Structures are given as structure tokens and as C-alpha cells.
Amino acid sequence: MKQENTTLENKNFRPLDLKKKLRPGESVIQSLLFMSGILSIFITVAIVYELGKEALLFFTTPGVTLTKFFTTTQWSPGIGLFGIWPLVTSTLITSAIAIFVSLPLGLSAALFLSEYASPKARATLKPILEVLAGIPTVVYGYFALLFMTPLLQSIFGDAVQVYNMLSAGIVMGIMILPLISSMSEDALSAVPRSLREGAYAMGATKFETSIQVVLPASLSGVGAALIIGISRAVGETMIVAVAAGSGPNFTFNPFKAAETMTGHIARISGGDLSYNSIDYNSLFAVALMLFLVTLVLNLVSQVIVERFREKYE
Amino acid sequence: MQINETPQYSIETKDLSIFYGTFKAVSNVSMLIEKQKVTAIIGPSGCGKSTLLRSINRMNDFVPNCHVTGELLMRGQNLYGSNIDPVEVRRSIGMVFQKPNPFPKSIYENIAWGARINGFKGNMDELVEQSLRSAALWEEVKDVLKKSAYELSGGQQQRLCIARTIAIQPDIILMDEPASALDPISTLRIEELMQELKKNYTIIIVTHNMQQAARVSDYTAMMMLDKEGSRSGTVIEFSETKKIFTNPKDKRTEDYVTGRFG
Amino acid sequence: MNPTDNHYPEGQSFRNSLNSRYRVASIWQALFFSALLIAMLSLAALLYNVVDGAFGYVAYEYKNDPAEFSAKPLDDLNKQELLDILKANLSDGAYNKLNNEQAMEKRSKSDLYTLVLERLIQIDTKQTWSMTASIFDANEVKAEAAKKYPEAKLEFRSWLTPIFLTTPMSSKAEFAGVRTAILGSLWMVGIAILFALPIGTGAAIYLQEYATKNFLNRIIQTNINNLAGVPSIVYGMLGLAIFVRALEPFTSGSIFGITDSNGRTILSAGLTMGILVLPLIIINGQEAIKAVPDSLRQAAYGIGATRWQTIWHHVLPNALPGILTGSILAVSRAIGETAPLIVVGASTFISLDPEGPFSKFTALPIQIYQWTTRAQTEFHSIAASAIIVLLVLLLTLNAAAVIIRNRVQRKY
């Protein structure tokens, strides 16, 4: 101990050097990490640039005008028909069917899981939704074409074509269900307990509390889930590529075949596509529209979720 | 650099204020902290004790928008000077935290890691043993050095954290309510340890527990919120512990130490 | 209103109204639960539908009579005899082509047997039946087959066999396998992870440990969240424009001296998939890093560690299980993605194993897509078999993720 003391005495008078040290390793690593972070910005820029560049080539092709693009109803760029509507309507119809299926089911499932289910029941029920969420969409495509369509045909008869928007839409709804359910459940469970207790203390039943107090309080979160669901439906490719039909078709009849924007891109790009052709460029115009629509939807949903979070934190 | 050196003091603050953004959390603190003594900082919750303590080894650098004005001198060098390396500061001013926070590694590694990253070239086994002995933990753990630090009790974990700090041979050890998460017996051992440590180190401790301050410290700084309702804390009285507890100058200190506060 | 007035029902009448409130509540509760029931039924229907397609009766005819080639029944022939039959009956060109793919003498007996069936006897599948029909209406199936195809043989067949896993692609469903597709998927995912894991983890570390709350970093964070929601087919278009087209000299391998390839290679697909899973890896990585308690960082800083020492020695080791789980999830996502691969130009028919990053490729989901969209039902059967392979693969991966998550208990 004695000896230790003396060394420590000495230490107390050792020169104290607190000057900045050069740590080149630290700076190199930090800049590498920063570059990884900034890469994501480049990806977005690259998407906008590449899609925009080719789309611009498409719109500057002789014969293509924005008016034609948005007001005519036939799409076949190879032979000079540039009306985007058939692709848009079928995208809207399949997405609407999907939301019509997934919103009530997803919200109900979320209400049951967050308000009614015991922790044990939750632990067994939630994985089922997670499995549904993990199934690749091409498998859903198989399911739509070889299960849902025959089922619909046996219910509605021959009016249902082999490829049809209804079957694709319903299966897409099943695919989106877990997403809507888990986002809604997050929103419901973010509602503070004090609010529920307030309702119970006034003699409300569990059902009245969940529907009239909890659900309204979490409505913006559910709205965000709905928007993300729409965005997912609009961007979904494989289910519609397999089951909704191949060939643009301007129709509002869900029993009929019609190609969506994503399905169109998948079919045309899967074939022999030569660069700089009008077909090639037109795909980028469609993809740009798709990107912009989903971008706006995602941004809106993100803003809503953030506001919602602030409200209860 | 040597000109300003004041040998019997290890830390000197001159009109030190600490801000979070525009909010002034601690205002205008001027203190001389003596070498190889225990200095306690006491005061009610939220008066900026921990903020002041953490500013001494620049742990507040990790709080966004936190900055200081005034001077904080260690042996004549302003720790917030533009050419000062915060990593060097922390290596010279060790810290023990409120909750024991050993690394999820073996007991041995907990001590060896800090030494290794600071370029220790001596005999590691010796250093580990010496540090554990200084923290009064050696006898309890000498046979289980390879075990995870998480298998120790809370009190042992805290002493391990002290040993880990001693191992890098700092000049000063800061302790942020080091015993508040411990049972009375473990608390007693930490207090005994502090008496042992002050032979070699300058110790600054933040504590809620007034008896503890009275028992362990040589000097006491009493912190309070400013009167004007600005919600920023400051040191209202700083002197020998004996004086603070028996003959305080400030009425608020008297109220606080006798339990009449609030 | 006079406070002493009582406008509420009392006694029995209150109890009655309460009971009716409870009745409504329980009806709704049942409705809420039925949503989960529908989800369960859908999952069950989907899985059943797939299994149903992968097994069942099949009616087929031989185009050429086996007796034309051999006096003995085919099953009794040995390897040399099979080889002789092939040599004798295949055209020289066809034989040499097969020989070039893999030396005929070195092929296994079952391989040769398959070749005899495929090339010489030539099976012609007339119809397939689902597993359900084959089991429960076996007699009707048999009667139907006997009536429609009097010449045909009827056989209960499992389309999912070990051979299915190890044979390459074929234009005939009966002889097709997923070997090429599985190898393609593995190559592609390997490249994707090699690209995305270091960059994604780096970005996660940057955002959690270095980034201050300034404008640029907020943009980066918002941007990553948005990228996670961009439709996968848009990533395919990006891959087509950048990797397949703009960087063709690199992705085709022509700058490395490989000449017989265009930009539609495994490398392009892998990089495209890497960009697609990057936001997923970043977000999961951030969660994992966030879960490491601050006290650990403070402990390290408190004894004079630099930022990177703290991250490398304490934050990363403790975040590793979370990062690993996240990358397994990213792998599952990449394995199941189809649309970007179509756009980037997966080959529709390819029977050679991929040899490296500059090979043309196909992948498991691409085969499923191709086969599902064929009109003939035997292709649906092999699509179903390929789906089972894909789902088992995904299940294994996810089980691994769960095991990692549970094995590594949080210590703090």
C-alpha cells in the first residue's frame, strides 16, 4: 500500500495533457457511416431522375401529349394510343376492393386483439396474422387464380372471367389485412389507460368504451393505417399480374379482366423489351406515376402517425 | 499553462453556467474544489446537481443543445477550451453512475477494457487485482473473475464500476448518487471505500441523502433553485461540511438540512 | 332540471336495458373475433390450396411405346443399357449437346432413365386431378380417366419429390425441377445481403449514434421511412435503368472479360434486391441499436472511450442479435420478391446452374409465376410444389430469427 501511495503521489503531479488528439480512424469511420446514411438520399434521387428522364422521353415523343395521356381511354403505346385511364381505373378498382375487404376485417381484428383478447389469446392469434404478412405475393397470386377465381365462378357463375379484378382485389385485401390490423392495433393501444378508466367509471360497458371512446381517440392512427394500406394495394404487383388479367381494358366491371399499372409494367418488361422504344419509355412514365402516388400516400401517413404520437406522449 | 496552477485545488469553476438550449439549468457557479478531499453536492431534486457534476467530465456533450459559459478549470486548463479533447477529460476524470452499469462482460474484462483502450501496456492481471483491491472487492471475486459482471449483487456491481474507474488512474472521481440504488449495508461499504479512496483521489459526490453527505464529505455545496422563479439552480452555499450542517450562513440551507424545507 | 328528479331507469328496467347493452356488446365482440377467424380460414385455404395442387392423380400417355426401344421393361435396365438406348435413338446433335452439359457416362442411372422418358418415349400428360378429388372421389376420377383417355395410364403422383429439388428446369412439367431456381435465389440473396447489410448497419449506426437533430438528418430519416414504402416494382425499374442498362459493362462482366452476357445478370438482380431491402435493414438496425441502454454507453464514455470504441466494443455486440434478426427478415423478403426480378430480366427458361454473378438467372418466385400463368394444369402442380419449397424455406428462416431472438436474452 505504501508503495502504491508514492506512485499515486507522483501521478498527481504528472503533466496533465488534455489537448485535442488527432484520431484519424475515428474521422474516417464517421465519414464512412455518414456516407452509408446519405446513400438513401441518392437512391431516392436516382429513382426520381431515372424515372423522370425516361418519362420525359415518353412525353416528348411525337404524338404524345399530356391531354391525350389523361383524357383518352385506350393504352397501347406501340400503336399510338396513349390514354392512361384503363390502367388507372383497374388499379383503383382492385385497390378499392382490397381496402373494402381489409379495412373492416383489419380494424375488427385490431379491436379484438387490443381490447378483448387475453395476453394468452393474443400470443396465439397474432402469429397467424404475422404468417399471412410473411407469405410472398406471388403465392397470393397462385391463390387468387386457382382458388378465389373458381370460388367466385361457383358463386356468380360464368359472368366471372378467368382473369378478373374481383378475385385479385379480394386476395390483395387478405394480403393487406395484417398490415392494417397491426398499425391500427398500435394506434388503439397508444390510447392512454386513463381515458378507458374514465369511461368505465361512468358505467360504460367494455364495448361502449372501445367503440365510443378508444376508437375515436385513435382515429388518426387508423387513418394512417388505411392510407398505407391503399399505398400498398396500388403498388402491389404479383397478385394482379397473375390474376387480374393481361391487357389494358377500360371497364368498371370487377368480374372482367383488366390490367393494372403494376401488372402492365411486369408483363411488358418481362417480354423482349428494347431500350429507347416507346414501350420502354412509357413503362417509366407509368412507374413515375406509381412512385409519386405512393410517395404522397406514404408521406401523408407518416405525418399523421407523427402527429398522433406527439398527442399522447 | 503552469502559471495558473493552484496546487491544492483540483477543480476550479468560475462563473460556470450550463444551458439546455436557451434554458439555463445551472447558473453562475464559482467553486474551488480541494485535492484529495470528498466534496458533496446536495440540494432538492431538479436543482441541477447532476447537471453540474456531469459538466465536470463533459458527459453533457451527449445532450443535444447543451452548452456552458464561464470557466471550468482543472489544474489551470479550461476543460471547455477549444483545444481540449473531451475523451482525454473523461480519462482524467472518472465517473461512477447512479445505477451500477457494468458492461455485459466478465468481471475481469470490465476492468481490462478501459485500460486496454487507453493504451495500458503493463501487466493486466496485476492492474485488475490492484483495482479490485482498491475497490474492496478483490476478496469476494478473486475466484470468479471470468464470470459475468451481471452475476454480482448490486453493491458489488457498483464497487466493480468504481474499480473499473480506478483502473484507468484518473485524478478525480465523480459519483452521481452512487448508493441510491443500493441497500444500507452496500451503501455503508461504498461510503467506507470513499474514505479510503480520498487518500489518492479527489472525489465529488452528488447525493440526496443528507446523512451521507455529513458522514463522508469534507466540503459540501448546497444547491437550490434561484429565487426569481427562473427554474435554474445555483450553489447558494459552499463550505466545510461541518459548517453547513451545524452553522449554515444561508437560511435556506438551514431549512433544508434540518428537514424544514418545502 | 331539478337535481332531485330522476330521469334514469331504475331497478328492473335498468337491468333490462343493461342486459340489452351487453347483448349488443357480445354480438359485436363475436363480429370482431370473426375477422380473425376469416384471417385464419384464408391462411388455411391458401395452404390447403397449395398442398391440394402438389399431389394427386395424373393421366398420361406414352407418345412412343417403350417396347420400341427395349425388349425388357424400362425399370429393369441397368445404366449401360439405358446409355446405349440413348446413343442409338437420339440424333448425334442432341446427344452431343447433352454430353456437353454433363458427360453422359458420369450421369446417374435415374438421370439417364429420366432422359429416356423425356426424350425418347415422351410422356404426354392428359389431365391432373387435385389431391382432394384423388382421395375422396378416387373412383370417379378413375372412371373419368378411363372414359376420356382409354389409352392413358393413371397414377397417383407427388409432384414434390427429392428429384424435383435437384433437377434443372425443363419445358415438360413432368421433368422440371427447381434446382436452377433455388441456386439463382441463393446467389441473388447472397449478393443483396453482402451489399445491404454493411451499408444498412452503417446507416443505422450513423442515425442512432452520430446524427444530431438537424435538417439533413431529419431528411435522411424521413427518406428511409419512405423508401421502405416504395412499391417493389419501382425498385425493379431503378435496377433496369441503372444496373442493367447504365452499368451494363460492369454488371454483365464485360469489363472483366466476360463476353457472352448482357446486363440481365444475377449481379444486377442482387444489387436491385439489395437496394430494396436496404431501408428494411436500416430501420431494424436502428431499433436494435436503440434497445441498447444508454447506461452502457455512458459507462464506456466515463472511462475515456472514444465514440467508435464505445460503438464497436459495446453498442454493436449488444445490438447484434437484433441486427441479425433484421437481416434474416430482409433475406425472407428478398427471397419472396418477384416483381423486381421480372423487370430486371430474370430468364424465363434456363437450365444451366448459375456459375457466378455474371450468369443469367432465374429464381424460385419467378418459376412459380411462370408456371402459375401457364394454361396446362400440370404446370400448376409444379407451381404448387415450388410454392411449398419456397414456404418451407421462409419458415426455416423465420424460425431461425425467432430462435435467435429468444436465445439471446436481454441482460440489462
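Letters A, B and C name the chains as they come in the text, with residue numbers starting at 1 for each one.
FYI, a contact is a pair of C-beta atoms (placed from the backbone, for glycine too) under 8 Å apart; a residue touches a chain by one contact, two chains touch by 3 or more.
Every value quoted in this text rests on a predicted model; they were computed, and no experiment measured them.
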Central subunit by CA centre of mass proxy: A
A-B or A-C, whichever has more C-beta pairs in contact: A-C
Interchain centroid distance [CA atoms averaged], chain B/chain C, Å: 56
Whole-Å gap separating chain A and chain B, where each centre is the average of the chain's CA atoms: 50
Chain A and chain C: spacing of chain centres that average the CA atoms, whole Å: 19
Contacts with two or more other chains, residues of chain B listed in rising order: 87-88, 92
Sites on chain C at which at least two other chains make contact: 306
Where chain A touches two or more other chains, by residue: none
Interface residues, chain A side, partner chain B - complex: 4-5, 8, 11-12, 16-21
Chain C contact footprint on chain B (complex, rising order): 57, 59, 62, 64, 87-88, 90-92, 94-97, 99, 101-104, 113-114, 117-118, 148, 150, 161, 164-165, 167-168
Of all residues in chain C, those that touch chain A in their complex: 21-22, 24-25, 28-29, 31-36, 38-40, 42-43, 45-46, 49-50, 53, 198-203, 205-207, 210-211, 217, 219-220, 222-227, 229-234, 236-238, 240-242, 245, 275, 278-279, 282, 306-308, 332, 335-339, 342-343, 345, 348, 365, 368-369, 372-373, 380, 383-384, 387, 390-391, 394, 398
Interfacial residue positions of chain C with respect to chain B in the complex: 212-213, 293, 295-306, 309, 313-314, 318, 411-412
Residues of chain B defined as touching chain A within the complex: 35, 74-75, 77, 79, 83-85, 87-89, 92, 130, 169, 171, 199-200
